[in-house]
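Got a structure here, written out as structure tokens. Questions coming.
In order of appearance the chains are A, B, C, D and E, and numbering begins at 1 in each one.
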Amino acid sequence: MHNNKYLRDEIIRISGADVSKCMRCGKCSATCPAYDEMEYHPHQFVNMVECGDIEPLLNSESLYKCLSCFACIDRCPRGVQPAKVVEAVRLTAIRKQGANHITADDIPAVVDADTPQQLLVSAFRKYTK
Amino acid sequence: MRKCSLDKINLIFAEIAKNAELYLPVDQNDGSAAYKKWEEGTAWSNKLNTVKSPKDFFFPQTEDLMQFKTQGKNIEIVDTRSALQDFVIFGVRACDVKSFDILDRVFLSEPVDSFYASRRKHGVIISLACTRPSETCFCKTFDIDPANPTGDISAWKTESEIFFAANTEKGAALLDKLSSLTEECDDAAVLEQKEKINAIMDKLPLKNLTTDAFGGGKTNELFNAPEWDELSSACLGCGTCTFVCPTCQCYDIKDFNTGNGVVRFRCWDSCMYSDFTKMAHGNNRLTQKERFRQRFMHKLVYYPENNDGLFSCVGCGRCLAKCPISMNIVKVMKKIGGKKDE
Amino acid sequence: MQRVGVFVCWCGSNIAGTVDVEAVSEALKSEPGVVFSTNYQYMCSQAGQDMIKDAVKEHNLTGIVVCSCSPRMHEATFRKTAAAAGLNPYMVEIANIREQCSWVHKDVLTGTEKAIILGKAAVAKVNLNTPLIPGESPVTKRALVIGGGIAGIQTALDIADAGFEVDIVEKKPTIGGKMAQLDKTFPTLDCAACILTPKMVDVAQNEKIRIFSYSEVTEVQGFVGNFDVTIKKNARYVKEEICTGCGACVEKCPMKKIPNEFNLGMDNRSAIYIPFAQAVPKVATIDPNACNMLKNGKCGVCSKVCAAGAIDYTQKDEYINEKYGAIVVATGFNPISMDKFDEFAYNQSKDVITSLEFERLTNAAGPSAGKLVRPSDGKHPHTIVFVQCVGSRCESCAEKGKEYCSKICCMYTAKHAMLTRDKYPDTEVYVFYIDVRTPGKNFDEFYRRAVEEYGVKYVKGMVGKVTPEGDKLKVQASDLIANKQLHIDADLVVLAAAIEPDKSARPLATMLTASMDTNDFFTEAHPKLRPVESPTAGVFLSGACQGPKDIPETVSQAGAAASKVIGLLAKDKLTGNPCVANSNELMCNGCSSCANVCPYGAISYEDKEFRMPDRTTKVRRVAVVNPAVCQGCGACTVACPSGAMDLKGFANSQIMAEVDAICK
Amino acid sequence: MQKITRDQLVSKASELLSNGTVCCVLGWGMGEFDYDVTPTVFNTVEELNNGFVFNDFCGANFSKYLVSKAAKCDGKILVLLKPCDTYSFNQLLTEHRFDREKVYVVGIPCEGMADVSKVKAICGEGILAISSNGDNINVTTLYDENPIVINAADVLAERCVNCKSKKHVAYDELLGDEGEVIESNRFDEVARLEAMSADERFAFWQNELSRCIRCNACRDACPACTCEKCVFDNPNSGVENKSPANSFEEKLFHIIRAYHVAGRCTDCGECSRVCPQNIPLHLLNRKFIKDINEFYGDYQAGEEVGMRAPLVNYTTEDLEPGEVFDRGADNA
Amino acid sequence: MQVNEYKPLIVAFCCNWCSYAGADLAGNNRLAYPADVKIIRVPCSCRVNPMFILRAFQRGADGVIICGCHPGDCHYTSGNYYTRRRMAALFSMLDYLGIEKERTRVEWVSAAEGAKFAATMNDFAKTVASLGENKRLEDLRCKK
């Protein structure tokens, strides 16, 4: 199952989360406001990272759907910190050469008058290396 | 009188060490000095004196007396004494030299302590005059002249030279062996140094300390002095004063069970210790005050009473320097002895 | 000096095969103290034992060394032999030359050499042995049970059945505990009241049992067999022995708006109240915080209507001192507070309730007379969501939850869901679970019935958020099997709150010097072999104070605790283990190091007057070991820097003699 | 160097004596020289005026004296405690060694005490007078015409160089300003030894401990050593010995003594101060303190009354004895 | 391969309830370990005073091992927890004085772990043998 041990260990190291503590209660996913937007849900992130099944996650849009609201971290009864796992996978993805999820050129297209400046800045910070 | 340049002192040491073990004060890492065996390269200390007195050489802190070997229920007695080598102690100050006289009166009077006697026989003492006495020195109080140290050979050290004078046959024999390294001389330089020393002695803070109030026959007068309470009040009951003292000579005999037998040895005891002279019936001196008093009464009253008025303190000042609570014989003598003046 | 006899056993060829027994007995002959040494085929046989007895008489032996099998095997045997020969049994030492010598070494030379050394060590030890006499202490033939729930009730009844007096101390006005609040019990669905109230009546009527209700234990002194306990009887302002429990006062009391604890605040009671109809003792109690008469002297209605004249506004707290031989702790549990679980909106909506509240809602004697209605509007709920593991198995949230599994929630939730579907088939019932844990007789069958026969929807997943919206509760949850997020509009949400030990347990444990784990559950003397005893001798554990338990488990543990108590009280005297610590008061400086490490609270301190060397006297604090409580572990002997504390039978000198003998 | 003066102390002590708060005063008594101060009990204002002294050589920790002195007084005894002494005071109270009610504690500030052996090392023999002058100490000797001026910081006792606290953890009354617990470097020397090889450490301690003359000063001055009878004085203990007969017994004595005070030692430094052979005994005690801090969390003996010492306590998660060295390797 | 003729002397303190029983079980199962290991029975590992350990070294032991119940299994509930702290402190101190740390060990052996007992003793005896004679904590008077 651990088909990508190096990536797995790296992600666990970056996240600082202990995925083995997960007891599969699903409260993270139950509490997730972006659940329906996500292909892989918080509990799946935890489980798949634990199993080393990383590739699908790296290629998933879910990485950019997570709002980093940290509700899952707050609610998790085992202190697994799913959002940090998601964050770690996202970092792994965007740290690859040319894998920035957003570039300066993309901005004008998505921006409109109502978009707060803060959102753009934080998205830029979050999705690029 | 013979002299030699200080440049050649190591040659002197080497010559002495040819036929005997040579011990002399050596500087330690902690800033103090201690007697160490001389080997090529060992440097002689300039310190006034060592922390521990040289009494160790004749009366070591522990000394095996005999051994009992057991095998099952059989016991065999083994003499553990080994043949002693001749040794020389170099650089002994006048006060410490005097302390050997005091020990001799204890250990060499009948019955003679054969362990001590044999060490005395094998030892040669080369003394050294004190050019820089310290504020803690009060040897004069006990009629010891730091400018005229005794011992088998007396020595004086000046800036560049060292002078020797033999006082005993043993000393003369040793000095003879050093004749190729020394030259005959007059005593002018030594006399000059003695004068200097005497001048310094007159400036020492404890120069006026007297033994007038003490001596044989004073037991009744001093034993119940009320001052003992106050003087002993802070005493911790440790053995520092007795173990650094050149004249304290009490010892305990103990058995150590090695598993295969018993080693019977003696070791220094201290009258400050709660089990001092403890016997089957219990303890003679039950309180620290009594033990404290014992130490000073012994040095200043009991010992002189039994030894023609000789006090068993030499004024070396070690206890002044080392007592953790700075209580010492000087304070006792002033307090108890000063009483009379009031 | 001891006169030691050495007896080397061949154990057939077990020892003699690898150890030259003749050489061993010969070698030990010359050891100090040994006056007789021999060997024999089977030392433990009658003939072997007779040989020892004869030798004791013939050679006037004062100590015995048997070189044989492990002391764990035959130490007791040879001690009896010694006793039969008129020797103190503790003058026997065993050298283990079988398990720890002949059986592990193949070479006769090595085996013999080692056997001799082990023999020498035993001789060295026995030379320092002293006769030991076990201490005896009388036993007060009365037990105290702290807590009057089902655990306490059962323990008390069992002890009383055996003919011993028992006192129950219950801090509530009535006994009955949590079980009295329950509706039905799983997995048989008997009515809780129907099986509990007869037991409560039994307790009330049993001559051997006294109930101190509305009371607390405030001080415990003494030790096993001889506890001295102070019980504080809180003033209830009603003369217990006169009150008939008629209820007239309750009816007439003008203060009627006091939240009713028994129904978990879901309805109100009066200032003078009887918790429930079957309360034992069935006497009224005045709540001093609510009663106008007690607060400002204005009212007195109850006193006027009480025909028996039982009301006494001047009653004071009363302290009772009683002696007990044994104490049973049965302080039970409580559901944890839901205040910190914001996500479930417990404090925002009346329709989010705990399971215990649900019990009251469905109980015929409850606030809604057994009709399942929403607490907010009294309407019938159509969609009910049960959430399991609320606060249980919660590692990250120590400040609000518990790390352990509360054990009973899976089953009562299944019960609640099943009963709901049974009574109200029109309701939709969801149960969100992490795991369903049903180890127990008929438990899993019960849970499956809820799913298969009653159509309860079990969803693997957790509820993430409950949001009150209008008269609905929006429940957002995950369904891990379907990999979906669910959004349910519920009418009622029931939280299976974790359970925790009662808050009174911690101070009680301190009083009893009984140990507790980090969760405040009492620790047992041994987790497997002594599960109902506390490490403190004479203190026993019953029910959920030791760990989460359901009723059948509680009752069986209660019975087990009772049997241990009966076993203790049946003795007239307690014979202690003589290998106990003892403190030399002349050397002890009272520093408390030993008491700090004693797991049994066997060490206390006394101020003693000592004659000082200067003929004055000085009062000094010194340690005193209670030999009846000490179990002889020796922890104190090492904690003691002065060596004042030593252990009989394993004294410093004895162990060092063994070390010396082995190392020489 | 000291911020508080002798006169302030005398006036405070006199006041407490006169108004009956205390019946005697445990203070420092004047010696022959300026540096040989003796702990003294003063019973009257007159005695205080004549004999009380306070200077840079008042290092003795009075706490231990209370064990014997407190019970002997009819009323209260006044004790003057420096910050480090108050830790010993609390530790002794924790161990019920005297009655708190019999003692009146005046906390006094301390700027660090001088080590007379360091002064002697600089000035040599014949010290006639020592006086403080701001940050300097002036020493008049027999052999130098002018007083030798030395920086007080250069002759500070080791324990004061590495002072752990200027805060008083116990007092009835405080003179001067309260200080703070200090981040000291007191474990540096221990760490330096730990970093050595086992052979080097062995050689180091062999050299140090071989100088031991078993005068017991370290034990008798130690405020943690208040056993009614020390195991080393008790013939029945099996380890009694009176002399350092060989290197084993030197080690045995110092290991066991350090072990017996482990977790109770407040690191007051009296052992090293009183050692006539200048053996750095505090390095043994500090090793235990450092270990305890690292293994079981920071613990300062005597910080509060009633604390449970680490070696008479445990948690189920403690590290295994074998793991001690793994950690040591990491630290090195 | 060098044949080491040197036989170390090892003192093993075993608690009565777990490790001593574990040693018995090793015997029952005929699991061999060196005869250099001599066992002293104590009620609990917490009975072992550091002085006993030093005494053993003084009298000529080359290694000392203390065996007790596994943490949490102590017959007296907490004894081995104290052992753990005491020995951690003591061993660290011995190491600090430059005494070979491999000469001392604490091992938890349950009554069911006969095999572990034998394996532990074999391993410890080997370790101690490789260190050679105890010189740093020896008392020459006790040599034969």
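Note that in this section contacts are C-beta pairs under 8 Å (C-beta built on N, C-alpha and C of every residue); 3 or more make two chains touch, one makes a residue touch a chain.
Keep in mind that what you see is a predicted model, and the values were worked out from it rather than measured.
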{"item": "Topological distance between chain A and chain D, in contact steps", "value": "2"}
{"item": "Remotest chain, chain B as reference, centres from CA atoms", "value": "A"}
{"item": "Pair exhibiting more inter-chain C-beta contacts, D-E or B-E", "value": "D-E"}
{"item": "Distance between chain centroids, defined by C-alpha means - chain B, chain E (Å)", "value": "47"}
{"item": "Centre-of-Cα separation between chain C and chain B, whole angstrom", "value": "69"}
{"item": "Length of the line joining the C-alpha centres of chain B and chain D, rounded to whole Å", "value": "30"}
{"item": "Chain centre separation in whole Å, for chain E relative to chain C (CA means)", "value": "35"}
{"item": "Sequence positions of chain E contacting 2 or more other chains", "value": "50-51, 55, 59-60, 78, 82, 86, 139, 141-142"}
{"item": "Two or more partner chains touched - positions in chain C", "value": "597, 639, 652, 656, 660, 663-664"}
{"item": "Pairs of chains in contact (touch as defined earlier), listed by label", "value": "A-C, B-C, B-D, B-E, C-D, C-E, D-E"}
{"item": "Residues of chain E that touch chain B when the two form their complex", "value": "59-60, 139, 141-142, 144"}
{"item": "List of chain E residues in touch with chain C within their complex", "value": "9, 11, 16, 20-21, 23-28, 30-33, 35, 38-44, 46-52, 55-56, 59-61, 75-79, 82, 86, 118, 142"}
{"item": "In the complex with chain C, residue positions of chain A that touch it", "value": "21, 23-32, 35-36, 41, 43-44, 71, 75-80"}
{"item": "Chain C partner contacts - residues on chain D that touch it in the complex", "value": "71, 94-97, 226-231, 234, 236-238, 260-261, 308-309, 311-313"}
{"item": "Touching residues on chain E, where the partner in the complex is chain D", "value": "50-51, 54-55, 57-58, 71-72, 78, 81-82, 84-101, 104-106, 136-141"}
